[in-house]
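Got a structure for you, questions after.
Which chain is which? They are A, B, C and D, in the order written, and residues in each are numbered from 1.
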Amino acid sequence: MFTHRIRVRYAEIDGQGVVFNAHWLTYFDDTCTRFMETLGFGPEFWTVEFDVMLVRAELQWTGSARFDEWVDVAVAPVRLGTTSFDLRYQASVAGRPTCDATITYVAVEPGHNTSIEIPAKVRAALQAQIP
Amino acid sequence: MFTHRIRVRYAEIDGQGVVFNAHWLTYFDDTCTRFMETLGFGPEFWTVEFDVMLVRAELQWTGSARFDEWVDVAVAPVRLGTTSFDLRYQASVAGRPTCDATITYVAVEPGHNTSIEIPAKVRAALQAQIP
Amino acid sequence: MFTHRIRVRYAEIDGQGVVFNAHWLTYFDDTCTRFMETLGFGPEFWTVEFDVMLVRAELQWTGSARFDEWVDVAVAPVRLGTTSFDLRYQASVAGRPTCDATITYVAVEPGHNTSIEIPAKVRAALQAQIP
Amino acid sequence: MFTHRIRVRYAEIDGQGVVFNAHWLTYFDDTCTRFMETLGFGPEFWTVEFDVMLVRAELQWTGSARFDEWVDVAVAPVRLGTTSFDLRYQASVAGRPTCDATITYVAVEPGHNTSIEIPAKVRAALQAQIP
(Lines give C-alpha, C1' and ligand atoms only; values in the text may rest on other atoms or scores of the structure.)
Protein backbone atom coordinates (compact mmCIF):
# COMPACT_ATOMS: atom_id res chain seq x y z
CA MET A 1 0.00 0.00 0.00
CA PHE A 2 1.24 3.48 -0.82
CA THR A 3 2.54 5.29 2.25
CA HIS A 4 3.45 8.95 2.58
CA ARG A 5 5.63 10.24 5.43
CA ILE A 6 4.95 13.60 7.02
CA ARG A 7 7.02 15.22 9.76
CA VAL A 8 4.99 17.13 12.33
CA ARG A 9 5.74 20.86 12.26
CA TYR A 10 5.82 22.95 15.40
CA ALA A 11 3.11 25.13 13.81
CA GLU A 12 0.78 22.10 13.81
CA ILE A 13 0.99 21.43 17.54
CA ASP A 14 -1.70 22.95 19.74
CA GLY A 15 -1.87 23.82 23.42
CA GLN A 16 -2.28 20.14 24.30
CA GLY A 17 1.10 19.41 22.74
CA VAL A 18 -0.38 17.26 19.97
CA VAL A 19 -1.27 17.78 16.30
CA PHE A 20 -4.43 19.93 16.18
CA ASN A 21 -7.39 17.90 14.85
CA ALA A 22 -7.95 19.84 11.62
CA HIS A 23 -4.38 19.23 10.43
CA TRP A 24 -5.15 15.53 9.98
CA LEU A 25 -7.37 16.47 7.03
CA THR A 26 -4.43 18.45 5.64
CA TYR A 27 -2.14 15.45 6.12
CA PHE A 28 -4.64 13.24 4.25
CA ASP A 29 -4.95 15.84 1.49
CA ASP A 30 -1.18 15.91 1.11
CA THR A 31 -1.12 12.11 1.03
CA CYS A 32 -3.82 12.09 -1.67
CA THR A 33 -1.68 14.40 -3.84
CA ARG A 34 1.34 12.13 -3.52
CA PHE A 35 -0.71 8.96 -4.05
CA MET A 36 -2.31 10.30 -7.25
CA GLU A 37 1.11 11.41 -8.46
CA THR A 38 2.45 7.85 -8.16
CA LEU A 39 -0.51 6.77 -10.34
CA GLY A 40 0.63 9.26 -12.99
CA PHE A 41 -1.57 12.21 -12.10
CA GLY A 42 0.63 15.13 -11.08
CA PRO A 43 -0.34 18.75 -10.39
CA GLU A 44 -0.71 19.68 -14.08
CA PHE A 45 -3.39 16.99 -14.40
CA TRP A 46 -5.57 18.41 -11.61
CA THR A 47 -6.05 21.79 -13.25
CA VAL A 48 -6.78 20.49 -16.74
CA GLU A 49 -8.52 17.15 -16.79
CA PHE A 50 -9.89 16.29 -13.40
CA ASP A 51 -10.24 17.77 -9.99
CA VAL A 52 -11.93 16.53 -6.82
CA MET A 53 -13.95 17.97 -3.98
CA LEU A 54 -14.67 16.34 -0.64
CA VAL A 55 -18.25 15.34 0.02
CA ARG A 56 -17.76 13.22 3.10
CA ALA A 57 -15.02 12.49 5.62
CA GLU A 58 -15.07 10.17 8.58
CA LEU A 59 -12.13 10.35 10.95
CA GLN A 60 -11.29 8.27 14.00
CA TRP A 61 -8.50 9.12 16.38
CA THR A 62 -6.88 6.35 18.42
CA GLY A 63 -3.74 8.25 19.34
CA SER A 64 -1.95 11.50 18.81
CA ALA A 65 1.22 12.75 17.17
CA ARG A 66 3.71 15.15 18.70
CA PHE A 67 6.20 17.72 17.49
CA ASP A 68 8.81 16.40 15.10
CA GLU A 69 7.42 12.86 14.97
CA TRP A 70 7.17 11.11 11.62
CA VAL A 71 3.61 10.27 10.65
CA ASP A 72 3.19 7.43 8.15
CA VAL A 73 -0.02 7.69 6.18
CA ALA A 74 -1.04 4.58 4.20
CA VAL A 75 -3.74 5.11 1.59
CA ALA A 76 -5.79 2.93 -0.75
CA PRO A 77 -9.08 3.24 -2.66
CA VAL A 78 -11.92 1.27 -1.07
CA ARG A 79 -14.87 2.27 -3.30
CA LEU A 80 -15.11 3.38 -6.88
CA GLY A 81 -18.42 4.83 -8.14
CA THR A 82 -19.32 6.61 -11.35
CA THR A 83 -18.67 10.14 -10.19
CA SER A 84 -17.19 9.58 -6.74
CA PHE A 85 -14.71 7.33 -4.94
CA ASP A 86 -13.51 6.64 -1.40
CA LEU A 87 -9.95 6.62 -0.18
CA ARG A 88 -9.05 4.98 3.12
CA TYR A 89 -6.24 6.51 5.15
CA GLN A 90 -4.42 4.91 8.08
CA ALA A 91 -1.98 7.11 9.93
CA SER A 92 0.53 5.88 12.47
CA VAL A 93 3.60 7.02 14.36
CA ALA A 94 6.33 4.37 14.69
CA GLY A 95 3.72 1.64 14.10
CA ARG A 96 1.30 3.10 16.68
CA PRO A 97 -2.07 3.96 15.06
CA THR A 98 -3.08 7.60 15.48
CA CYS A 99 -5.86 8.51 13.04
CA ASP A 100 -7.84 6.64 10.38
CA ALA A 101 -10.15 8.20 7.84
CA THR A 102 -12.40 7.35 4.93
CA ILE A 103 -12.88 10.27 2.59
CA THR A 104 -15.35 10.44 -0.30
CA TYR A 105 -14.26 12.54 -3.26
CA VAL A 106 -16.47 13.63 -6.12
CA ALA A 107 -14.87 14.23 -9.52
CA VAL A 108 -15.33 17.78 -10.77
CA GLU A 109 -14.42 19.76 -13.86
CA PRO A 110 -11.33 21.86 -13.02
CA GLY A 111 -12.24 25.47 -12.42
CA HIS A 112 -15.98 24.84 -12.36
CA ASN A 113 -16.58 22.54 -9.39
CA THR A 114 -19.33 20.75 -11.36
CA SER A 115 -19.58 16.97 -11.03
CA ILE A 116 -18.24 14.81 -13.86
CA GLU A 117 -17.65 11.08 -14.39
CA ILE A 118 -14.33 9.82 -13.14
CA PRO A 119 -12.09 9.77 -16.27
CA ALA A 120 -11.41 6.23 -17.58
CA LYS A 121 -7.66 6.35 -16.95
CA VAL A 122 -8.14 7.54 -13.37
CA ARG A 123 -10.72 4.80 -12.83
CA ALA A 124 -8.38 2.13 -14.16
CA ALA A 125 -5.48 3.38 -12.04
CA LEU A 126 -7.56 3.50 -8.85
CA GLN A 127 -9.16 0.10 -9.58
CA ALA A 128 -5.71 -1.48 -9.71
CA GLN A 129 -4.95 -0.14 -6.23
CA ILE A 130 -8.01 -1.50 -4.41
CA PRO A 131 -6.64 -3.94 -1.82
CA MET B 1 -29.90 26.62 18.94
CA PHE B 2 -26.58 28.36 19.62
CA THR B 3 -25.05 29.78 16.44
CA HIS B 4 -21.56 31.17 15.96
CA ARG B 5 -20.69 33.42 12.99
CA ILE B 6 -17.31 33.15 11.31
CA ARG B 7 -16.11 35.30 8.43
CA VAL B 8 -14.00 33.45 5.87
CA ARG B 9 -10.41 34.71 5.78
CA TYR B 10 -8.45 34.95 2.54
CA ALA B 11 -5.88 32.63 4.13
CA GLU B 12 -8.55 29.91 4.33
CA ILE B 13 -9.37 29.89 0.62
CA ASP B 14 -7.55 27.35 -1.55
CA GLY B 15 -6.78 27.17 -5.25
CA GLN B 16 -10.41 26.23 -5.98
CA GLY B 17 -11.54 29.54 -4.48
CA VAL B 18 -13.37 27.87 -1.59
CA VAL B 19 -12.62 27.20 2.07
CA PHE B 20 -10.06 24.36 2.23
CA ASN B 21 -11.62 21.22 3.72
CA ALA B 22 -9.51 21.05 6.89
CA HIS B 23 -10.57 24.54 7.98
CA TRP B 24 -14.11 23.29 8.59
CA LEU B 25 -12.78 21.33 11.56
CA THR B 26 -11.18 24.56 12.79
CA TYR B 27 -14.49 26.40 12.36
CA PHE B 28 -16.26 23.68 14.38
CA ASP B 29 -13.56 23.85 17.05
CA ASP B 30 -13.99 27.59 17.31
CA THR B 31 -17.76 27.14 17.54
CA CYS B 32 -17.32 24.57 20.32
CA THR B 33 -15.26 27.07 22.31
CA ARG B 34 -17.93 29.76 21.98
CA PHE B 35 -20.77 27.31 22.71
CA MET B 36 -19.14 26.04 25.89
CA GLU B 37 -18.48 29.62 26.97
CA THR B 38 -22.19 30.43 26.75
CA LEU B 39 -22.76 27.45 29.05
CA GLY B 40 -20.39 28.99 31.58
CA PHE B 41 -17.18 27.20 30.66
CA GLY B 42 -14.64 29.73 29.46
CA PRO B 43 -10.94 29.25 28.67
CA GLU B 44 -9.85 29.14 32.32
CA PHE B 45 -12.13 26.14 32.84
CA TRP B 46 -10.51 24.05 30.07
CA THR B 47 -7.05 24.12 31.60
CA VAL B 48 -8.12 23.35 35.14
CA GLU B 49 -11.21 21.18 35.38
CA PHE B 50 -11.98 19.59 32.08
CA ASP B 51 -10.55 19.30 28.61
CA VAL B 52 -11.64 17.34 25.55
CA MET B 53 -10.02 15.43 22.73
CA LEU B 54 -11.65 14.36 19.47
CA VAL B 55 -12.15 10.65 18.97
CA ARG B 56 -14.44 10.73 15.96
CA ALA B 57 -15.61 13.26 13.39
CA GLU B 58 -17.99 12.77 10.50
CA LEU B 59 -18.31 15.64 8.04
CA GLN B 60 -20.57 16.05 5.05
CA TRP B 61 -20.20 18.87 2.53
CA THR B 62 -23.21 20.00 0.55
CA GLY B 63 -21.83 23.34 -0.52
CA SER B 64 -18.82 25.59 -0.17
CA ALA B 65 -17.97 28.94 1.32
CA ARG B 66 -15.99 31.69 -0.39
CA PHE B 67 -13.73 34.54 0.66
CA ASP B 68 -15.33 37.03 3.01
CA GLU B 69 -18.65 35.18 3.30
CA TRP B 70 -20.22 34.81 6.72
CA VAL B 71 -20.55 31.21 7.86
CA ASP B 72 -23.22 30.51 10.47
CA VAL B 73 -22.46 27.43 12.52
CA ALA B 74 -25.32 26.07 14.63
CA VAL B 75 -24.35 23.57 17.31
CA ALA B 76 -26.14 21.31 19.79
CA PRO B 77 -25.32 18.19 21.80
CA VAL B 78 -26.93 15.04 20.36
CA ARG B 79 -25.46 12.34 22.63
CA LEU B 80 -24.23 12.38 26.20
CA GLY B 81 -22.30 9.36 27.51
CA THR B 82 -20.29 8.82 30.69
CA THR B 83 -16.93 9.92 29.36
CA SER B 84 -17.81 11.18 25.90
CA PHE B 85 -20.42 13.24 24.09
CA ASP B 86 -21.39 14.21 20.56
CA LEU B 87 -21.93 17.70 19.22
CA ARG B 88 -23.80 18.22 15.96
CA TYR B 89 -22.73 21.15 13.79
CA GLN B 90 -24.65 22.62 10.87
CA ALA B 91 -22.87 25.28 8.85
CA SER B 92 -24.54 27.49 6.29
CA VAL B 93 -23.88 30.64 4.27
CA ALA B 94 -26.89 32.95 3.92
CA GLY B 95 -29.20 30.02 4.70
CA ARG B 96 -27.53 27.73 2.14
CA PRO B 97 -26.15 24.56 3.86
CA THR B 98 -22.42 24.05 3.34
CA CYS B 99 -21.05 21.52 5.83
CA ASP B 100 -22.54 19.40 8.61
CA ALA B 101 -20.61 17.41 11.17
CA THR B 102 -21.03 15.17 14.16
CA ILE B 103 -18.00 15.19 16.42
CA THR B 104 -17.40 12.88 19.36
CA TYR B 105 -15.39 14.35 22.23
CA VAL B 106 -13.90 12.43 25.10
CA ALA B 107 -13.43 14.20 28.42
CA VAL B 108 -9.81 14.29 29.56
CA GLU B 109 -7.88 15.58 32.54
CA PRO B 110 -6.27 18.89 31.54
CA GLY B 111 -2.57 18.47 30.83
CA HIS B 112 -2.69 14.69 30.91
CA ASN B 113 -4.97 13.66 28.05
CA THR B 114 -6.30 10.76 30.16
CA SER B 115 -10.01 9.98 29.98
CA ILE B 116 -12.25 11.11 32.86
CA GLU B 117 -15.99 11.20 33.50
CA ILE B 118 -17.77 14.28 32.20
CA PRO B 119 -18.01 16.59 35.26
CA ALA B 120 -21.58 16.85 36.66
CA LYS B 121 -21.99 20.55 35.92
CA VAL B 122 -20.85 20.09 32.31
CA ARG B 123 -23.23 17.16 31.94
CA ALA B 124 -26.17 19.15 33.29
CA ALA B 125 -25.39 22.11 31.05
CA LEU B 126 -25.09 19.95 27.93
CA GLN B 127 -28.21 17.94 28.82
CA ALA B 128 -30.26 21.13 28.91
CA GLN B 129 -29.14 21.94 25.34
CA ILE B 130 -30.11 18.64 23.68
CA PRO B 131 -32.80 19.58 21.12
CA MET C 1 -7.50 54.74 13.49
CA PHE C 2 -9.34 51.71 12.14
CA THR C 3 -9.12 48.76 14.52
CA HIS C 4 -10.13 45.16 13.87
CA ARG C 5 -10.74 42.70 16.72
CA ILE C 6 -9.73 39.06 16.36
CA ARG C 7 -10.32 36.37 18.95
CA VAL C 8 -7.49 33.84 19.25
CA ARG C 9 -8.55 30.34 18.20
CA TYR C 10 -7.29 27.24 19.93
CA ALA C 11 -5.95 26.10 16.54
CA GLU C 12 -3.64 29.13 16.49
CA ILE C 13 -1.91 28.35 19.80
CA ASP C 14 1.33 26.40 19.64
CA GLY C 15 3.22 24.24 22.11
CA GLN C 16 4.40 27.36 23.98
CA GLY C 17 0.77 28.26 24.69
CA VAL C 18 0.90 31.42 22.57
CA VAL C 19 -0.19 32.39 19.05
CA PHE C 20 2.25 30.80 16.60
CA ASN C 21 4.36 33.47 14.86
CA ALA C 22 3.05 32.93 11.32
CA HIS C 23 -0.56 33.56 12.36
CA TRP C 24 0.25 37.23 13.01
CA LEU C 25 0.65 37.69 9.26
CA THR C 26 -2.79 36.08 8.86
CA TYR C 27 -4.23 38.45 11.49
CA PHE C 28 -2.76 41.42 9.60
CA ASP C 29 -4.11 40.07 6.31
CA ASP C 30 -7.57 39.76 7.85
CA THR C 31 -7.27 43.30 9.21
CA CYS C 32 -6.26 44.60 5.77
CA THR C 33 -9.43 43.05 4.26
CA ARG C 34 -11.65 44.72 6.84
CA PHE C 35 -9.81 48.04 6.58
CA MET C 36 -10.16 48.17 2.81
CA GLU C 37 -13.83 47.24 3.11
CA THR C 38 -14.45 50.28 5.34
CA LEU C 39 -12.86 52.37 2.56
CA GLY C 40 -15.41 50.98 0.11
CA PHE C 41 -13.37 48.13 -1.38
CA GLY C 42 -15.07 44.84 -0.59
CA PRO C 43 -14.27 41.32 -1.87
CA GLU C 44 -15.87 41.88 -5.30
CA PHE C 45 -13.42 44.75 -5.85
CA TRP C 46 -10.32 42.64 -5.28
CA THR C 47 -11.03 40.17 -8.06
CA VAL C 48 -12.01 42.75 -10.66
CA GLU C 49 -10.19 46.05 -10.30
CA PHE C 50 -7.25 45.72 -8.01
CA ASP C 51 -5.42 43.10 -6.05
CA VAL C 52 -2.26 43.25 -3.94
CA MET C 53 0.74 41.07 -3.23
CA LEU C 54 3.18 41.42 -0.36
CA VAL C 55 6.70 42.45 -1.23
CA ARG C 56 8.02 43.23 2.23
CA ALA C 57 6.96 42.66 5.82
CA GLU C 58 8.71 43.71 8.99
CA LEU C 59 7.31 42.35 12.25
CA GLN C 60 8.31 43.07 15.83
CA TRP C 61 6.99 41.11 18.77
CA THR C 62 6.91 42.74 22.19
CA GLY C 63 4.42 40.35 23.76
CA SER C 64 2.28 37.33 23.03
CA ALA C 65 -1.39 36.46 22.82
CA ARG C 66 -3.05 33.43 24.38
CA PHE C 67 -6.06 31.24 23.70
CA ASP C 68 -9.35 33.10 23.58
CA GLU C 69 -7.85 36.53 24.12
CA TRP C 70 -9.10 39.43 22.00
CA VAL C 71 -6.43 40.93 19.80
CA ASP C 72 -7.02 44.52 18.68
CA VAL C 73 -5.23 45.36 15.46
CA ALA C 74 -5.01 49.05 14.56
CA VAL C 75 -4.02 49.82 10.98
CA ALA C 76 -3.17 52.91 8.92
CA PRO C 77 -1.30 53.68 5.69
CA VAL C 78 2.15 55.18 6.28
CA ARG C 79 3.49 55.40 2.71
CA LEU C 80 1.81 55.73 -0.66
CA GLY C 81 3.91 55.21 -3.81
CA THR C 82 2.93 54.87 -7.45
CA THR C 83 2.56 51.10 -7.53
CA SER C 84 3.03 50.19 -3.87
CA PHE C 85 2.03 51.32 -0.41
CA ASP C 86 2.79 50.52 3.22
CA LEU C 87 0.32 49.70 5.96
CA ARG C 88 1.36 49.91 9.60
CA TYR C 89 -0.25 47.46 12.02
CA GLN C 90 -0.21 47.65 15.82
CA ALA C 91 -1.63 44.68 17.66
CA SER C 92 -2.42 44.63 21.35
CA VAL C 93 -4.25 42.55 23.94
CA ALA C 94 -6.16 44.59 26.51
CA GLY C 95 -3.93 47.57 25.76
CA ARG C 96 -0.71 45.56 26.08
CA PRO C 97 1.31 45.70 22.81
CA THR C 98 2.02 42.28 21.28
CA CYS C 99 3.10 42.65 17.67
CA ASP C 100 3.70 45.55 15.28
CA ALA C 101 4.29 45.30 11.57
CA THR C 102 4.89 47.39 8.50
CA ILE C 103 3.84 45.62 5.33
CA THR C 104 4.54 46.79 1.78
CA TYR C 105 1.92 45.85 -0.80
CA VAL C 106 2.31 46.12 -4.54
CA ALA C 107 -0.81 46.68 -6.63
CA VAL C 108 -1.40 43.92 -9.18
CA GLU C 109 -3.92 43.13 -11.90
CA PRO C 110 -6.39 40.58 -10.49
CA GLY C 111 -5.66 37.10 -11.82
CA HIS C 112 -2.35 38.06 -13.38
CA ASN C 113 -0.13 39.14 -10.50
CA THR C 114 1.46 41.81 -12.73
CA SER C 115 2.23 45.19 -11.19
CA ILE C 116 -0.11 48.11 -11.94
CA GLU C 117 -0.49 51.67 -10.69
CA ILE C 118 -2.62 52.04 -7.59
CA PRO C 119 -6.09 53.02 -8.94
CA ALA C 120 -6.97 56.70 -8.29
CA LYS C 121 -9.92 55.96 -6.00
CA VAL C 122 -7.83 53.58 -3.87
CA ARG C 123 -5.06 56.16 -3.70
CA ALA C 124 -7.48 58.89 -2.60
CA ALA C 125 -9.07 56.65 0.02
CA LEU C 126 -5.69 55.58 1.46
CA GLN C 127 -4.33 59.15 1.36
CA ALA C 128 -7.21 60.31 3.55
CA GLN C 129 -6.28 57.70 6.17
CA ILE C 130 -2.61 58.59 6.59
CA PRO C 131 -2.26 59.73 10.23
CA MET D 1 24.91 26.15 3.73
CA PHE D 2 22.22 23.98 5.24
CA THR D 3 19.19 23.71 2.97
CA HIS D 4 15.79 22.25 3.78
CA ARG D 5 13.34 21.20 1.05
CA ILE D 6 9.61 21.73 1.50
CA ARG D 7 6.94 20.67 -0.97
CA VAL D 8 4.05 23.12 -1.26
CA ARG D 9 0.77 21.63 -0.04
CA TYR D 10 -2.55 22.40 -1.70
CA ALA D 11 -3.74 23.69 1.69
CA GLU D 12 -1.06 26.39 1.54
CA ILE D 13 -2.18 27.87 -1.78
CA ASP D 14 -4.57 30.83 -1.64
CA GLY D 15 -7.04 32.30 -4.11
CA GLN D 16 -4.17 33.82 -6.11
CA GLY D 17 -2.80 30.33 -6.73
CA VAL D 18 0.39 30.98 -4.74
CA VAL D 19 1.62 30.16 -1.24
CA PHE D 20 -0.22 32.46 1.19
CA ASN D 21 2.19 34.97 2.76
CA ALA D 22 1.95 33.72 6.37
CA HIS D 23 3.04 30.20 5.41
CA TRP D 24 6.53 31.49 4.61
CA LEU D 25 7.06 32.07 8.32
CA THR D 26 5.95 28.47 8.88
CA TYR D 27 8.40 27.27 6.22
CA PHE D 28 11.20 29.19 7.95
CA ASP D 29 10.17 27.79 11.33
CA ASP D 30 10.28 24.27 9.92
CA THR D 31 13.70 25.00 8.41
CA CYS D 32 14.96 26.30 11.77
CA THR D 33 13.91 23.03 13.43
CA ARG D 34 15.79 20.95 10.85
CA PHE D 35 18.82 23.24 10.95
CA MET D 36 19.12 23.05 14.73
CA GLU D 37 18.71 19.28 14.57
CA THR D 38 21.73 18.99 12.26
CA LEU D 39 23.68 20.94 14.90
CA GLY D 40 22.71 18.31 17.49
CA PHE D 41 19.67 20.02 19.02
CA GLY D 42 16.63 17.86 18.41
CA PRO D 43 13.07 18.23 19.78
CA GLU D 44 13.95 16.86 23.23
CA PHE D 45 16.49 19.66 23.61
CA TRP D 46 13.95 22.45 23.02
CA THR D 47 11.70 21.49 25.91
CA VAL D 48 14.46 20.98 28.45
CA GLU D 49 17.47 23.21 27.92
CA PHE D 50 16.67 25.99 25.52
CA ASP D 51 13.74 27.38 23.61
CA VAL D 52 13.39 30.43 21.39
CA MET D 53 10.80 33.08 20.67
CA LEU D 54 10.71 35.43 17.70
CA VAL D 55 11.29 39.10 18.42
CA ARG D 56 11.75 40.39 14.88
CA ALA D 57 11.23 39.13 11.36
CA GLU D 58 11.92 40.89 8.11
CA LEU D 59 10.68 39.20 4.95
CA GLN D 60 11.12 40.16 1.31
CA TRP D 61 9.28 38.47 -1.53
CA THR D 62 10.79 38.47 -4.99
CA GLY D 63 8.69 35.64 -6.39
CA SER D 64 6.04 33.14 -5.49
CA ALA D 65 5.69 29.38 -5.12
CA ARG D 66 2.87 27.27 -6.50
CA PHE D 67 1.13 24.03 -5.64
CA ASP D 68 3.44 21.01 -5.50
CA GLU D 69 6.61 22.95 -6.21
CA TRP D 70 9.72 22.20 -4.17
CA VAL D 71 10.90 25.12 -2.10
CA ASP D 72 14.58 25.08 -1.09
CA VAL D 73 15.26 27.07 2.03
CA ALA D 74 18.91 27.82 2.79
CA VAL D 75 19.66 29.04 6.31
CA ALA D 76 22.66 30.37 8.22
CA PRO D 77 23.27 32.44 11.37
CA VAL D 78 24.28 36.04 10.60
CA ARG D 79 24.42 37.53 14.12
CA LEU D 80 25.10 36.05 17.52
CA GLY D 81 24.37 38.15 20.60
CA THR D 82 24.29 37.29 24.30
CA THR D 83 20.60 36.42 24.53
CA SER D 84 19.52 36.63 20.89
CA PHE D 85 20.68 35.65 17.43
CA ASP D 86 19.66 36.17 13.80
CA LEU D 87 19.11 33.50 11.18
CA ARG D 88 19.05 34.44 7.51
CA TYR D 89 16.77 32.41 5.23
CA GLN D 90 16.84 32.35 1.44
CA ALA D 91 14.03 30.45 -0.25
CA SER D 92 13.98 29.54 -3.92
CA VAL D 93 12.08 27.34 -6.36
CA ALA D 94 14.28 25.65 -8.96
CA GLY D 95 16.96 28.28 -8.39
CA ARG D 96 14.49 31.17 -8.73
CA PRO D 97 14.47 33.32 -5.53
CA THR D 98 11.04 33.61 -3.91
CA CYS D 99 11.36 34.87 -0.34
CA ASP D 100 14.23 35.95 1.91
CA ALA D 101 14.02 36.64 5.61
CA THR D 102 16.10 37.62 8.58
CA ILE D 103 14.60 36.46 11.86
CA THR D 104 15.78 37.44 15.32
CA TYR D 105 15.30 34.82 18.02
CA VAL D 106 15.64 35.38 21.72
CA ALA D 107 16.68 32.45 23.91
CA VAL D 108 14.11 31.58 26.58
CA GLU D 109 13.77 29.11 29.41
CA PRO D 110 11.54 26.24 28.18
CA GLY D 111 8.04 26.53 29.61
CA HIS D 112 8.59 30.02 31.02
CA ASN D 113 9.26 32.24 28.02
CA THR D 114 11.74 34.27 30.10
CA SER D 115 14.92 35.42 28.41
CA ILE D 116 18.17 33.55 29.15
CA GLU D 117 21.71 33.60 27.76
CA ILE D 118 22.26 31.42 24.73
CA PRO D 119 23.76 28.18 26.15
CA ALA D 120 27.49 27.79 25.39
CA LYS D 121 27.10 24.69 23.24
CA VAL D 122 24.39 26.32 21.13
CA ARG D 123 26.57 29.42 20.75
CA ALA D 124 29.55 27.36 19.64
CA ALA D 125 27.47 25.38 17.16
CA LEU D 126 25.91 28.52 15.65
CA GLN D 127 29.26 30.35 15.57
CA ALA D 128 30.73 27.57 13.43
CA GLN D 129 27.93 28.05 10.88
CA ILE D 130 28.30 31.79 10.32
CA PRO D 131 29.27 32.16 6.62
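By our rule, a residue touches a chain if its C-beta (ideal position, glycine included) is under 8 Å from a C-beta of that chain, and two chains touch if they have at least 3 such contacts.
Predicted model only: the values in this text are computed from it and were never measured.
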| item | value |
| --- | --- |
| Interface with more contacting C-beta pairs, comparing A-C to C-D | C-D |
| Whole-Å separation of chain centres (CA-atom averages), chain B against chain C | 28 |
| Centre distance in Å when chain A and chain C are each reduced to the mean of their C-alpha atoms | 33 |
| Interchain centroid distance [CA atoms averaged], chain C/chain D, Å | 23 |
| For chain D, residues that touch 2 or more chains besides their own | 10-11, 20, 22, 26, 29, 67 |
| Graph class of chain-chain contacts, one of line, ring, star, complete, other | complete |
| Chain B contact footprint on chain C (complex, rising order) | 9-11, 26, 29-30, 33, 42-43, 67-68 |
| Residues of chain D touching chain B in the complex | 10-11, 13-15, 17, 20, 22, 67 |
| In the complex with chain A, residue positions of chain B that touch it | 16, 18, 20-26, 29, 51, 53-62, 64, 113 |
